[in-house]
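Contents: one structure, followed by commentary.
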Amino acid sequence: MKLITAIIQPDKLDEVREALIEAEIERITVSRVTGHGKQEDIDIYRGRKIVPNLIPKIEIKIACNEEFVEQAIQAIISSARHNGGELGDGKIFVTNLERCYRIRTGESGGTAI
Amino acid sequence: MTIDTGTTAWMLTSTALVLLMTPGLAMFYGGLVRTKNVLGTMMHSFSAMAVIGVLWAVIGYAMAFGTSRAGIIGWDSSFLFLNAPFDGMLSIGDNKCIPEIVFVMFQGKFAIITPALISGAFAERVKFKSYLLFIAAWTLLVYFPLAHWIWGGGFLTGEAIDFAGGTVIHISAGIAGLVAALFLGNRIGYPRNSMRPNNLVFTIVGAGLLWVGWFGFNAGSSLSSDACTGQALAVTQIAAATGALSWMIIEAIDNNKISSLGIVSGILAGLVAITPAAGSVAPWGAMVLGAGASVICYFALKMKEKLGYDDSLDVFGIHGVAGIFGAIGLTFVMKPDATEVGFLKQLQYQIEGVGIAILYSAAVTLLIIFVINKICGFRLSPAAEKAGMDHAQHGEHGYGFVNLD
Amino acid sequence: MTIDTGTTAWMLTSTALVLLMTPGLAMFYGGLVRTKNVLGTMMHSFSAMAVIGVLWAVIGYAMAFGTSRAGIIGWDSSFLFLNAPFDGMLSIGDNKCIPEIVFVMFQGKFAIITPALISGAFAERVKFKSYLLFIAAWTLLVYFPLAHWIWGGGFLTGEAIDFAGGTVIHISAGIAGLVAALFLGNRIGYPRNSMRPNNLVFTIVGAGLLWVGWFGFNAGSSLSSDACTGQALAVTQIAAATGALSWMIIEAIDNNKISSLGIVSGILAGLVAITPAAGSVAPWGAMVLGAGASVICYFALKMKEKLGYDDSLDVFGIHGVAGIFGAIGLTFVMKPDATEVGFLKQLQYQIEGVGIAILYSAAVTLLIIFVINKICGFRLSPAAEKAGMDHAQHGEHGYGFVNLD
Amino acid sequence: MTIDTGTTAWMLTSTALVLLMTPGLAMFYGGLVRTKNVLGTMMHSFSAMAVIGVLWAVIGYAMAFGTSRAGIIGWDSSFLFLNAPFDGMLSIGDNKCIPEIVFVMFQGKFAIITPALISGAFAERVKFKSYLLFIAAWTLLVYFPLAHWIWGGGFLTGEAIDFAGGTVIHISAGIAGLVAALFLGNRIGYPRNSMRPNNLVFTIVGAGLLWVGWFGFNAGSSLSSDACTGQALAVTQIAAATGALSWMIIEAIDNNKISSLGIVSGILAGLVAITPAAGSVAPWGAMVLGAGASVICYFALKMKEKLGYDDSLDVFGIHGVAGIFGAIGLTFVMKPDATEVGFLKQLQYQIEGVGIAILYSAAVTLLIIFVINKICGFRLSPAAEKAGMDHAQHGEHGYGFVNLD
Amino acid sequence: MKLITAIIQPDKLDEVREALIEAEIERITVSRVTGHGKQEDIDIYRGRKIVPNLIPKIEIKIACNEEFVEQAIQAIISSARHNGGELGDGKIFVTNLERCYRIRTGESGGTAI
Amino acid sequence: MKLITAIIQPDKLDEVREALIEAEIERITVSRVTGHGKQEDIDIYRGRKIVPNLIPKIEIKIACNEEFVEQAIQAIISSARHNGGELGDGKIFVTNLERCYRIRTGESGGTAI
């Protein structure tokens, strides 16, 4: 099992979710984060341009079995891009998931995903 | 003629109260949209204070309350920039008067809030600069003439009863909103994705301020500080309370859950319905109008679901529907002495007034939107709409604290 | 008799200001509870505007200010639905009058805010529909009679000094809150888990609105627009400021930290204490009452900790305690001409008034809660309480923006 | 002499409106700072209501409006604790009067808001207890004397036109803010790190309340309820709208984006500039002042960037600059009958008044800060500043809901 | 060392914390997330029922030594269940933790947990 | 590749970011969390001292190649300490990162970090 963590732009959340659902991945956990990368995002404060250090992003976490990893990643990459790829579009990180439990039933392993 | 300081004091207070409605509306609407559009939505109200505030002083009062030219529009060049009205006096009977400038300011607040009301119908998806053009044009071409016709000596003055602007304000704004919403189309993702209010807490407080401000709106419209004023305030209060209670009951029956947005929607429906009637009904009449408005608006919103158009914050569903209901419904519950022409004739006048407001507002709004859309586009680009108005158009974020400082 | 437009204007304004207190209270209470209950808590105030707003017009004014039947309750069938009062006049001396309907509306706002005050005592743990039943019954059975006894011609009228409702409103609400809190028991987890305010920023603004509204509350209660009005406003202002300053000093001594909730608690304590006394004390007296109220409330709250009962938002600790302190304390600092019966007699009247309010409110409140609890249950199910009132009962979330749109 | 109930009503209302400005200011400032300082910033306003509220009643009115001693300061021992003024009457001409205590309370609100305004200049970095000392001392040594000189019979009374406090309030506060900001130095990390508003939504609503309250501020300063009052209200409204519109246009040109903070900054600039002039200009003059104030403030803020000092919430940049512009600029656009001494003489008076206010406020403010800093330190420790005022000094968190309950 | 990530219902936070403390696990990190799974959660908007896509959840992160893993998981499973197990009760994910540092002292490894 | 997760005090965010930038680590993801550890943090509520169970913290996530791990950890440890180390200064966790993708370009592995 793998744990996929994707950082995407907030305005792409709906599209990414739909793409994942098409890829048969329905269970996800989402949170607000802020990120710093190559992208710059200018705000205005009383006539002054300010470049915030941290830009709002969305983090999506997906636990899934090996056979779904590839299609999840492809679904995210293709749906999270702006115009074929812009600065700030985000990252995907994959780590190993050793164990997984469903609290409701207590069952564990691949079926608990 | 001497100045009646008491009436003047109440009119000054009413002016302040009606001004308070615009921040109240900004809170109400601001809380209902999604986080990314909260500032842009509030700016729709605040920019009306700026744009229409200036327009009213420059030319608006002249057009609405200047000498009537053939009943179509007012005009007095001495009214431009409020030159003459600044020092004028307005008789209120009994050899008493109030300073005309107070009346000018009171009326000016109505001109401000009307286009701000419309903005809820096309929330979250218009270009700010086009919006500014729109409200300026709409106020010039729709609001000033309508106000003139019904209040300022135009061809409807003295016919339809419209105490504080049910027709001039709520119906015209509701219809304009509907036309605009249909013309501009739905928000991206509507109705498939759920678009939930970002801050209902804020919306509720905004509704509270609207209720308070409405006392100035209705009771100020009596241009007095006497029994008539008190009665207008009383029926306003009663209709709002009944509207809220009725909405609560309907929700309890229909859903088994009473929602906070339901209470405040009922408050608004009641307030809108009583607006034209505040000088003509007794407390029981106010209850009928308040309750009726809630019922009819509730089902109008259900209908909207079915039809699928995106009147985003229900400008038509609340202001339009309750406004029409109040304007026509008042004939059935008015006090016997409220009309001099008899029930049937008055009903005809009311229907005429409503009909003309609907047709005129619909036609001219469509024209204005069409032209603005041709010139500079009215709707935001999809990218900007998805990113949100606040960041894309205004370079700001409403709630800095949600992210990190 | 001619209408005094100036006094009418001020009474209209006061009505608007007191109405503003209810949204202010909703903000104040709403900010103090936990996130999951913010809307439900605000609805306790807003639904009072709906329910009591209607009740007052239908029957409340008749019961409180109708012709006194044996000093126990008022009644005039012509007062139902405000039929007669809608057109009546109220003499204010000097051959001057104000429209009675203005007085009706002003008093109606007091009837609205009183049950809303109580709701803080059992915040975060009651069923909404039972709450609606409760406030309707409580207002009918406790508030209307009490208002009649002390203001409306009942058996206490002319005895106890209660300028703007220290006894009728704050003591009765404070005691009712205490009884309800004891009957319903503590919130799950209280006092073991820390239950911190979800939005102090909001609470502070709410307190600001309460202060502003209190000017209408107290200065409006003079039913005039003259020196007496100004004096009531002045002592209100001074007591609030002194209350706040005193609380700040106590906190600085006791904790070495001055908190924002402390400042606003001091403001409220001062305002409550001056309420019965606003017509009877000079500025120095207002300072004594304001400072004394803060000291005594501060220690009352400490005592609550020890006793361990859950008067969640300190309705008894602030309104009850400061109300009792003000009602009795005013005798010691009143202006010489404030009483015609001498110090001792007046003190006796005050203690009598307070005692009767406490006993009556406690007994009837207990009865009402007991009955409602039997019929449909008053307290939320543990599951709903843990999930939060907003979602479980109202199907809403206050701050959509905290989650994702 | 009889009491004019109408004028009294308006003055009471104005008092309530000006009181509303302080919570409004708390919202405005509170929204602009970083999350960790929101409560501390709001407490700067609320504690002024407490401290100056008491100080004014005890000694302030005596110093500002007592019998003038050599034109330098007022004094009447019978004014202490408002003993005499509590029952006094104030003639408003025409054999009419209003209760003096109403005037006392109205003026008291001005004394409260002035030091609260200053607090924006050194936001996010001062010790709360030192701040309390500072506002007490500043009001005693700067505000009361200035108010006496210009309004209370002092040596400038009758010379400089200052209708509602452009010089006494905005210039003196703006300069004091500048001096304090320079003395205390920049916030840690300023200007390197971006310090973004925690809650612009809140700031905008605060600005709305300020606008509403300003009607009391300016139109109340006429001490009447007649044409003069209405005119003051009208030019206030027009200057605010023009200020907002102008700032929007400037931003659109300079940045191509119109921001919500821009609109409200324009509103404030317009309101400040019209304050001294509200009795002397016609609508067109108000437009000139409003537009001019926005332009000049916009560039003042740009200049601040360059100079690099940390007037955190632009107290000098808005209140100081627009105040000076309004006080001097009014001479160029005033109505012909606004002065009796001719343009040049009046211009001289205005410049004199402004110059004296600047010099006096700068010198005494510096002295006060210097002394307080010596005694107990004015600036927060770096650790407390980084942790935030709310937690470090007040033991609270503004938005509990952002974390977990 | 392992890193345990549990997604639970917000109203269970207090109970889970108490259960963990009893299991001698005192250090945790908590955050707000929103999740999408099998559970549906209905809100009302002007008379219309809306099914939000994302439901508020709480994420708990616990770093612990191997010997505590089992008892931590059992503590969470037993305390986070509604009435013996309902839809939406949540998940537990376990990943491998390679290194751990205590910032205060700079120490690392099992004692720094 | 490794994934570094650091929990720090909120007032140290700016300093830690600067230290990371000096250590040539520019891309990070930041979020608000609340934590429970040894530290106590007292609030006041109407004259009563309350010890909140959960204290606001900041979580920083950094994905980086092996050769940067050591300097990243050192940068955080040295910049996040209060006065040479106080209770509540936080923790650093390091887990293995198996894969990494840049959404913009679709590239993966060490260059996508």
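For clarity, chains are labelled A, B, C, D, E and F in written order, and residue numbers in each chain start from 1.
Note that in this section contacts are C-beta pairs under 8 Å (C-beta built on N, C-alpha and C of every residue); 3 or more make two chains touch, one makes a residue touch a chain.
None of these values were measured; they are calculated from a predicted model.
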{"item": "Subunit A on subunit E, rotation in degrees - Cα superposition, rounded to nearest 5", "value": "120"}
{"item": "Interface with more contacting C-beta pairs, comparing D-F to B-C", "value": "B-C"}
{"item": "Approximate Å spacing (C-alpha centroids) for the pair subunit B, subunit E", "value": "49"}
{"item": "Subunit A and subunit C, separation of their C-alpha mean positions in angstrom", "value": "51"}
{"item": "Centre distance in Å when subunit B and subunit D are each reduced to the mean of their C-alpha atoms", "value": "33"}
{"item": "Set of subunit F residues in contact with two or more other chains", "value": "30-32, 34, 43-44, 53-54, 95-96"}
{"item": "Interface hub residues of subunit B, defined as touching at least two other chains", "value": "4-7, 9-10, 13, 36, 38, 193, 196-197, 199, 255, 257, 259, 261, 394-399, 402, 404"}
{"item": "Residue numbers on subunit B that touch subunit A, as the complex places them", "value": "36, 189, 193, 383, 386-388, 391, 394-397, 402-404"}
{"item": "Subunit E residues within the subunit F interface of the complex", "value": "3, 17, 26-31, 61, 63, 95-106, 112"}
{"item": "Touching residues on subunit E, where the partner in the complex is subunit B", "value": "43-53"}
{"item": "Residue numbers on subunit D that touch subunit A, as the complex places them", "value": "193-194, 196-197, 250-251, 254-255, 257, 259, 261-262, 265, 298, 301-302, 305, 314"}
{"item": "List of subunit D residues in touch with subunit B within their complex", "value": "4-7, 9-10, 13, 17, 34-36, 38, 195-201, 204-205, 207-209, 211-212, 215-216, 219, 224-227, 229-231, 233-234, 237-238, 240-242, 244-245, 248, 252, 255, 257-261, 263-264, 266-267, 282-284, 287, 398-399, 402"}
